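This report refers to the structure that appears directly beneath it.
Labels for the chains are A, B, C and D, by order of writing; each one numbers its residues from 1.
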Amino acid sequence: MIRSAVVSDPIDVVALTQEAASPSAGATAIFLGTVREQNEGREVTGIEYSAYEEMAVKEMRSILDEACSKFGLASAIAVHRTGELAIGEASIAVVLSHAHRGPAMDALRYIVDETKSRAPVWKLEHYIDGSREWVGSTGARHP
Amino acid sequence: MIRSAVVSDPIDVVALTQEAASPSAGATAIFLGTVREQNEGREVTGIEYSAYEEMAVKEMRSILDEACSKFGLASAIAVHRTGELAIGEASIAVVLSHAHRGPAMDALRYIVDETKSRAPVWKLEHYIDGSREWVGSTGARHP
Amino acid sequence: MTVTVRLFASYAQTLGRSAVDIETPEGATVEDVVAAILAMPGGDRLPPRPLVAVNHSYAARGTVIGEGDEVALIPPVAGG
Amino acid sequence: MTVTVRLFASYAQTLGRSAVDIETPEGATVEDVVAAILAMPGGDRLPPRPLVAVNHSYAARGTVIGEGDEVALIPPVAGG
């Protein structure tokens, strides 16, 4: 099972974990990105995520395929959520399974890092003083 | 929240994830060890886990404390299950949260690897031909 | 030909819209499309070399745009 | 003094029990306790240098065992 998605509803980690389960897997590794109450010293009240959905799904799928060929995964699922998220809510979930723990955790890192730097998703942070700001990396690695 | 446990009931990953949640955390990393249908070429029907419980709890707690001081975790929970497990069931869960994703995944690997090599837990694999065998590492790193 | 360029996040906010139509000659490249957008009113508030996607993949600056291609400017990403 | 040594997993199976009582002089070390167990009937089927825990922590071979300490032989671990 290899699947990427952009969703607007809360991410159901249990369902994803069941979806990624495999009798050949000895290891399941999961990453959840959650909204923090603070960023670079400013108090955050929530984050509005937006995405170029078709491209985000495609780019995340490419990353999962890359991870499968690098690490030999039994399954890999990446889901990014968009919309208004409150503190503690999950914006991204990566769930994968592998026969062995080492490559499972290697693959988790690969998928999370690549998704953060390549998936066309943006966040508008809302601060306690009512201001809002786009947060972003330079994305300098791309052509 | 720092907690280690040895349990006989199935591991509830959702409850552990909620327990590890923190408003200061931007990343939650989870590892589940699951029973594989095969090990070293032999078809496995299930695994019976046993533990030196008091010591396993203490050793896992030491490992979590080490990870907290190395990586600065918001929370960390490690639970090992004992008893008869079927294919696909989780024998171990490590759930932790951290402000940032990099150290969250570093800490996950540290805790999982150390638990595997130090926690006094044993597995008796059951094979399809009815035979059983103790599976183990040499544990050569200990005094 | 007319190329529709999709805009997102801070770029959409900067230009006050989620897409712009650009008139380009046949054989126009990503570079040409970017230059046309930067020359629009407000375009000077975009970075000089924004990332561009063509048909949902990151595209090099020399990539030739064809009729019907989906082009988008991609602000610095911040997923996860 | 009497030291009770707990046995687990393959070691418990090898010796057919989950604990053995060993008589040792005051000042006996982990090494001495291990030697006593290896000298028991069936002890030759244990590895020559098994890991030992004292009071729920791995212990070096020179560690002195005190009255009431909980001692255990630890087979190769295989958690997770």
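Some observations on this one:
Keep this in mind: a residue touches a chain if its C-beta (ideal position, glycine included) is under 8 Å from a C-beta of that chain, and two chains touch if they have at least 3 such contacts.
Please read all numbers here as calculations on a predicted model, not as lab measurements.
Touching chain B and chain C together: A. Per-chain Cα centroids separate chain B from chain D by 25 Å. The mean-CA centres of chain A and chain D are about 48 angstrom from one another, to the nearest whole unit. Mean C-alpha positions place chain C and chain D at a centre distance of 72 Å. Contacts with at least two other chains are made by residues 80 of chain C. Multi-chain contact residues of chain B (touching two or more other chains): 33, 101, 112, 116. Applying the touch definition to all chain combinations yields A-B, A-C, B-D.
For chain C in complex with chain A, the touching residues are 6, 8-10, 13, 51, 53, 56-61, 72, 74-80.
Of all the residues in chain A, the ones that touch chain C in their complex are 33, 49-52, 54-56, 58-59, 80, 91-92, 112, 115-124, 134-139, 142-143.
Residue ranges of chain A in contact with chain B, taken from their complex: 13-14, 17, 21-38, 87-88, 90, 97, 99, 101, 104-105, 108-109, 112-113, 116.
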